[in-house]
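This is the structure I want to talk about, given as structure tokens.
Chain nomenclature is as follows: A, B, C, D and E, assigned in order of appearance, with residue numbering initiated at 1 for each chain independently.
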Amino acid sequence: MTMIGEENKNEKKNFDTELFCDAVPKEVPRINGIIQKFYDWAQANSLWILAFGTGCGSIEMRPLYTARYDISRFGMAPRPTPRQSNLFIISGYASVKTLKRIVRSYEQMQNPKFVMGLGSCTVNGGMYWDSYNTINRLDHYIPVDTYVAGCMPRPEALIAGFEDLKKRIKEGRAEGANEYAKNFEWYKANQKKVIKDWDMPDYNW
Amino acid sequence: MNIIFLIGFALMITGFWGMLTQKNMIKIILGLAIVETGVQLIMVAFGFIEGRTAPILDSAVPVKKAVEMIVDPVPQALVLTAIVIGVAVNALALTFIIKMYQKKKSLNITEYRDLKW
Amino acid sequence: MIKRLFSFVLLTGLGFVFYYALTNITASRELTGVSAEYAERGAAELGAANLVTAIVVTYRGLDTLGEVSVLFLAATGIAVLLRRKKGYVQARSEDKRGSSEILKTGTDFLVPIIVMFGVYIFMNGHLTPGGGFQGGAVVASAVMLQFLSNPSYRLNHTVFGFIESMSGFFYVSIGILGIVLAGGFLDNRILPLGNFGSILSAGAIPVIYTLIGLKVGTELAGILDNMRRDA
Amino acid sequence: MVNPIYIIAVLLGIGFILPLTEKKLSKLGPWVFYAGMIFTALVSYQWFRFFIVSGGETYHIFTAGVKPPLSINLQIGLFESVLLFVTNLTGLAGAVYMTKQISETGVRAMVLLLLLLLGLNGLILTRDIFNLFVFMEITAISTYSLIGMDVKSRSLSAGFKYMTAGGLASAFLLLGIIIVYSLTGTLNLDGMIRSAEGIKNVKLLSIGSMMILFSFIIEAKQFPANGWALDVYEGTKPGVAGLISGIGTTAVFFGFYKIMPLFTNETLKIVMWAGLITFFFSNLMGMKQENVKRMLGYSSVAQTGLVISVSAWSFMLGNDKLIFPMIVLPLLFNHFFTKTGLFWIAGLVKKDTTGLWGSITENKILHGIFIILILALSGFPPFPGFWGKWNLVLAMSLDSNFFYIWVLLAGSLFEAAYLLKWAGITLKKDKSKDILEYNSYKMLALQIVVLIFFAVTVYYFMTGNFDHTNGGLHFYLPFALGTGLLLLPFIPEKLKGMISMSVIAVYAFYFLPDQNGIGRFFNAMFLSGGFFLTFATLNRKDRSRSFYPLLMLMLGSLIALVNSDNILHFFFSWEIMTLSSYFLIHRGKGSAEESFRYVMFSLAGAFLMLLGFAYSFPNLNGQMSFGIFAVPGQFTSLSFILISIGFLVKSAALGLHLWIAGSYAKAEDDTSAFLSALLSKAGIFGFVMLLLAMGAPSAGKFDLAYILSWIGALTALIGTMMAIYEEDAKRLLAYSSMGQVGYIILGLAIMSGLGWTAALFQMVNHFLIKGILFLAIAGVIYRTGTSEMYKMGGLIKKMPWSFTAVMFGIIAISGVPPLTGFGAKWLMYEALIEKGWYLQTGMAFFASTVAFLYCFRLIHAIFLGQPKTEFRNVKEAPAWFLIPQYVFIMAIFFFSIFPRVLIDRISAAVEPFFGKSLTWDGNTVISSLGYWNATAVMTIVGVVFVVLAIGLFIKLPKVQKVKQFNIVFAAERPETPELTHFAYEFFRPYRRAMGWMVRPYATRFWRSVTESAYTVSDALRKIYTGNGQTYIFHILLVLVILFYISTGVK
Amino acid sequence: MENFWTTLLYAFISMFIIFNYGMVLGGVVYKIIARVHGRFGPPVWQPYINLVKVMGVRTAISHGIMFWLGPVFRFTGGIGLFLFMPVLFGVPWMQNFSFSGDLLLVIYFIFFGQLGMALGAAESGHPYSPMGIMRGLSQVTASEVPFALAVIALAAQHGTLSITEIVAAQQGGIANWNIVTNPVATLAGMMAFLGMMMHAPFNLHIAPQEIPIGPPTEYQSNFLSYMQANRAFFASAKLILFMNLFFGGATNIPVLVGKTFSLYMITVFIGVVNPRFTLENSIRWFIRIPTVTGIIAVLIYTF
């Protein structure tokens, strides 16, 4: 048994390749044709939100499930595991610490995956633009499909954002996952620039 | 009932009393000797027949009339053996006591309780 | 105290046992069983005037042999127990005060008489009360007298041992001779029965008793010697 | 023929003359001494041969040339010659044993030994009561001297106590002799006995005989007048103690035996019970004993008590001529040789406390002898003690003296407890390497005694009531195999395993085809199981030579058990099986306590079984076939209950299950498979035999089969419940085994064709599954070195084959279709509902669902979840383990697809007893309630599964293979596999809810039982204060009590 | 099985029907739950969309062969369970492969998928999976007890374990249904049913806030699709089983739909209004009231 941190002390790699898969993500091309359209439609109408309240905006998401807004109308539902979710909502500012978790969770989702940046903080840092520990632009770190600006945006704005996202999905423009794989080096470099204690493989499968 | 029997049994009881109450090992062996004496007395008494003489066939006891005139010779023979054996045992026991005394300088039987339970 | 109480209770119980026995003992009126036969046949068969001796030496000769062995065993056992480790030096007896002249003289005077008396007893065992054991004991008492009166008295072990062993051995041999020459083991009729009532009668009985007497005397003397040396 | 009187004469003559050699002829002394010893041995051998071989007539020796009763006569007959021979030979051996001591002490020690022998010979030969007394004194005085010979304080004080007791004994003997003489007018034993009947003064006669009796009670060391004897055994040098315990006791006993006809039946009754009480209490007190010699002393006292008790009883019955050779002699010999041998071994090991006896393992031969003697003393077959006890129990039952048997067996159990505990200690090597001093004289003497003992054992084994015409081969087979393998010295262990396998195969080939009926399933199971599981043992690396012999002994005894055709065969094989399995379990690491528990439970069960036999035995005159159970008698139901308990212990039924987890877990890993797959079926076979022979009687209002069904159901449930909380894989499987066997019992209890079909089907099923599971786990443990499940994990990647085997195993065991387990469950429920036992059905169902829990836990904690870093490089289990597993898996699949093959045969075997219960429509089996088509189920499931798997494969041709820590997490990464693997206390919430079911009531109960036994034992032995005076008090107390008992309280 | 191919065809037809029925039923239930909450709720065809969505996921990860096979086991279990049951009484084409075995086979086959799934999920190495499995299995053991007792009572009542015969005995009006003829057993069975459906309040094994979704935490994409499709079969198979056992079975599809739907509604409504039980609570509950009811049901037939 090795203690926390101890195992990495003398190794070159800061993670154990026996424990983690260190494969790099690959682009999965869209299949052209009606099937892809059908899948896109299904993706758009069955958005499962990764229930991860990353920032203060998460408080704005709760009303979405209530009788007043009821996003289940759109086939949307919270899902507790990233493996099964396809929509990641970054709900507000992302501190460096949280970013690490965001990246992990994002990478654990399966390929057609969509990210929605919630609030101004995700767009340009918002009120935390000069904070020492908050990132400014989310899409430097993970591909973002839709931004919903505001501080904080109301649930209605969120629903509008969902509609926009659905449109993008149906149009086949929401290919964040492939983009991430394509520009993997760049994203990683950005991430590693801010995250100092990187003790993981580059891609969290 | 013969008085000798009574004395024999009394001696036995006396010997037992000594064996049971005296802590001195020599006295215990003496008690045993007294018990033996009592037994020997009883043995002889069993052979005794009122008004008869010793089983020695001399002029006083003709061979032909021996059956009517002598006491039982068998218990006497047995007692002889019993006495000798008793002596032997007592001698050996006393030797044991001698050696035991040499080891522990005590004649108290309660001191020799290494072996128990 | 509690021990005495228990003992008392126990012995009272035992007393009742004995009392029960005592009340049931009936005095015998006449000889029955084997004793009657001994009385009838003994004299004629074995030629011993003393019926007890006849029984002891011949009829129940095996018992007597056993008896001798018991004594022998006891002597051996005592010798084993009181044996000395190698290199043991006996304490010098000089520091013991010698006995007085009267005592010495008296002893010197008495010892031969006592020995003689003992020899007489076992030689006449088949005729008169007494026998090998009694005689032997008397002989041993002579030795004891020596020990008591003369602390520095030494027993001649070689002689005593030799007598002891050989008398025992001859006793057994006579027993075996009985099988060979007469009716069975320890049969006294290997020698002629002789005149009833005389000293040379009753076959081998006097011989056996003599051997027994010698053996017992030497053994007892040996026991005494062993104990004296050690105590 | 040399007249035996020469023995006496020569011994005495030499004894007298020896002292002369002390000084000048010291070289000659030993020669003369040994010549005398050898002479006696030769003479007695001559007589021994005369009586045994030529069947000569009893010979009388008259001394003094006069006929008895005037003179003393000796008698040598068959028994005398046997005892004489054994005594003299052992005496010679004893002289050899004490060579060193003798040469140190000098010539007088030789004299003592010679005269001891003389006394013993005289005791055996003489027919005169006073002569008996003289020889007893000779024996006693030589013994005193021998005790005191080493002049140690301990031995001196022991000798002194002995002398006081002996003095009292001789005083009472003299008193008794003279009283009896005064009444009968003779000292000759035969004459006394003859004329004792016509005596008018009965009271005095009874006092006289009471005194004689009492004297012998002291000399024979009967409870509680025996404190001195124990001190003597403890305080004396082992060489002497061995002689006292062996030949001394034997001769004294024989003297006692000769006097017994003198006693009235009331007196004999007292002797009988006094002996039994001695046996019981001495053994009870022995349990607390840790001093080796004292423990042997307790055992010695106990055995003597038993022998005396039996003899007294035989005279009461007036059947002594038959009982003496059948019961008394075997018991006596058993005691004689084992005790002599053990004392002498104690003299070689030179350790007083049992705990320090590990050093005996230094000498393999010595150790082997030691173990054999211990087993013989504990009454295991094939040693004479077994025959003696067996005959005794049955004979007692004919006398309807059942209480006696209870006490006897209880005492035997105590005795086995302390002896086996001791043996167990020596089997575990302790750390301190004491060098065992090797003394060739002592070894030689020991070997002489043991060789005679073997001869006696073989004699009793060969003549011991076996019916050789019918299946005798089975009973020699285990021994032949066991010893054969043991004696094959230089071949490698692997080869031995292969030889074992081929023997099994050949045996099965020639033997199985002739079999029919229910026995065939057991035979086939034991043989095939034995074959394939032995294959797994070929993986063994250790060099221990005892494994294969023991294994073959166990398998052989199982086969013998199944093919036994009477209760003797059955019980014999049962004991051998218990014994061999005990040693197999004991081989495991740290198993001393567990195996001890196992063997104690097994023994207690076996004894109860024996009691059951005894209760039924009088039903049919002297016949030992199983038919005795069929005859209804007074005690039918009691007999059934007792025998059932014996089987329930072996099946680890609820309340009697304490041994199962520990012994399965601590046994070596491949051995555990044998235990669970094969050995656990022995109890089932017992039930099959019992229920077939006896049906299911009812005790009063209770239908015993109904009670049995509840026991089975509860065992199934609670066993399963306990399994789910175990952290240790093997313990888990052990409890699982317990639960599964509970089902089998439940099925048998139904007593219907369907029930039995279910039970036997389940049995075959369990056999296959437990074979797989235990072997798979054995493979895992072999690679990982741990059996704690939570320490493993994720091994599926490293050991996929083992994983697959376990997976099929758990699917089968949990009863999920389409594998065979479901067949068993289906049959079981159909049978139960058909019978109308709905609550039991519910309970069985509950148990089977609970089984999922441990099944999942087993496979999850070991094979799934997070692999541990330390097991990164483990390899797949060796093929030795895997091949048998896959053979079993193939069998499971075969029976799953074509259960008809099995069910048809089972039904055919069961049909003669219960009629037809199942019909077939093609592959569909139809019972009165439902139907089941295994082939269809398998096909459907298989097809659906394959189609879906292919479908998934088409849809997912490429998946990213990830590693163990690539699991969903957001906050902190998994720290270590240990912290991520959820396996420890897996079912904790379940335990919170259902833990009340597994509260250790049984454990507490049995612990309190054993603790109170030990407490009583400890309290009781405190009466032996070590104070000589107390012993005198005891002696007199016994006298008074005996007297009042015999005459009635006035 | 006069003709194998006919049987197979019929089986496919019934599978098709039941699959769609199960999917729609799921959607309807979501809808109803939403309405109880006062929401609009997803469309009734949402399960189809979800299924298509997971099938359209492009990547998948596998933790190993057993992980891969888990959903296959699960789906086989669901389909098999359904196939071993007669769906409509007296309708030859809806008998599936019920000739394979009786009620016991069906009961035990329920475990097949669960066990396989448990193995697969456990191989993922995620601690939540075995935790969920532990909870699920534990609860199943408890809820199976009253169910088994109810089944035993039925078997005792009808003297058979064949589902077809049990249904046959209930034909001829509501008075012959087991709920009327054997109310105690039905009560026990229905209480067990709550647990067996693994619906709230007995769904601790998926407790999203505690052990996110439990056993299938690691499952995604097409693995998930198998599990979703299985749910349609599995749930409806269980409903049909209970309908057959206690509510007189069905002779045509509308009756089937009606009865199973109402049965499902029982669990749904109880689930909607009840908070989740902890494991201990639910086990204790099952082992008390339903089990005692079951024992009473059985005892009635014992004496």
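The rule is short, and it goes like this: contacts are C-beta pairs under 8 Å (C-beta built on N, C-alpha and C of every residue); 3 or more make two chains touch, one makes a residue touch a chain.
This is a predicted model, so every value here is computed, not measured.
Hopping across touching chains, the smallest step count from chain C to chain E is 2.
The set of chains in contact with chain D as well as chain E comprises A. Taking each chain's centre as the mean of its CA atoms, C is the chain most distant from chain E. Comparing per-chain C-alpha centres with the mean over every protein C-alpha atom, the closest match is chain D. With centres computed as the average of Cα coordinates, no chain lies farther from chain B than A.
A comparison of the A-E and B-C interfaces places the larger number of contacting C-beta pairs at B-C.
Centre-to-centre separation of chain B and chain E, using mean CA positions: 98 Å.
Separating the centre of chain B from that of chain D, both taken as means of CA atoms, is a distance of 49 Å. Note on chain placement: the centre of chain A and the centre of chain C lie 119 Å apart, centres being C-alpha means. Chain centres here are Cα averages; for chain C and chain D they lie 54 Å apart. Shown for chain E are the residues that touch two or more other chains, namely 55, 59-61, 212, 217-218, 221.
In chain D, the residues touching two or more other chains are 130, 134, 137, 141, 144-145, 148, 151, 179, 182, 187, 960-962, 964-966, 968, 1029, 1033, 1036. Shared interface positions of chain C, defined as residues touching 2 or more other chains, are 3, 7, 10-11, 14, 21, 25, 28, 34-36, 38, 60, 63, 66-67, 70, 73-74, 77, 81. By the document's touch criterion, interfaces exist between A-D, A-E, B-C, B-D, C-D, D-E. Across the complex, chain A meets chain D through its residues 1-4, 16, 18-21, 23, 52, 81-83, 101, 104-105, 108, 199-200, 204-205.
Chain B meets chain C in the complex at residues 1-2, 5-6, 9, 12-13, 16-17, 20-21, 46-50, 54-58, 63, 66-68, 70, 72-74, 76-77, 80-81, 83-85, 87-89, 91-92, 94-96, 98-99.
Across the complex, chain B meets chain D through its residues 12, 16, 19-20, 23, 25, 28-29, 32, 35-36, 39-40, 42-43, 46-47, 74-75, 78, 81-82, 85-86, 88-89, 92-93, 95-97, 99-100, 103-104, 109-110, 112-117.
Contact residues on chain A toward chain E in their complex (touch as defined above): 28, 38-40, 42-43, 45-46, 51, 66-67, 70, 72-75, 77-81, 83-84, 86, 110-112, 177, 205.
Across the complex, chain A is touched by residues 869-870, 872, 960-966, 968-971, 973-978 of chain D.
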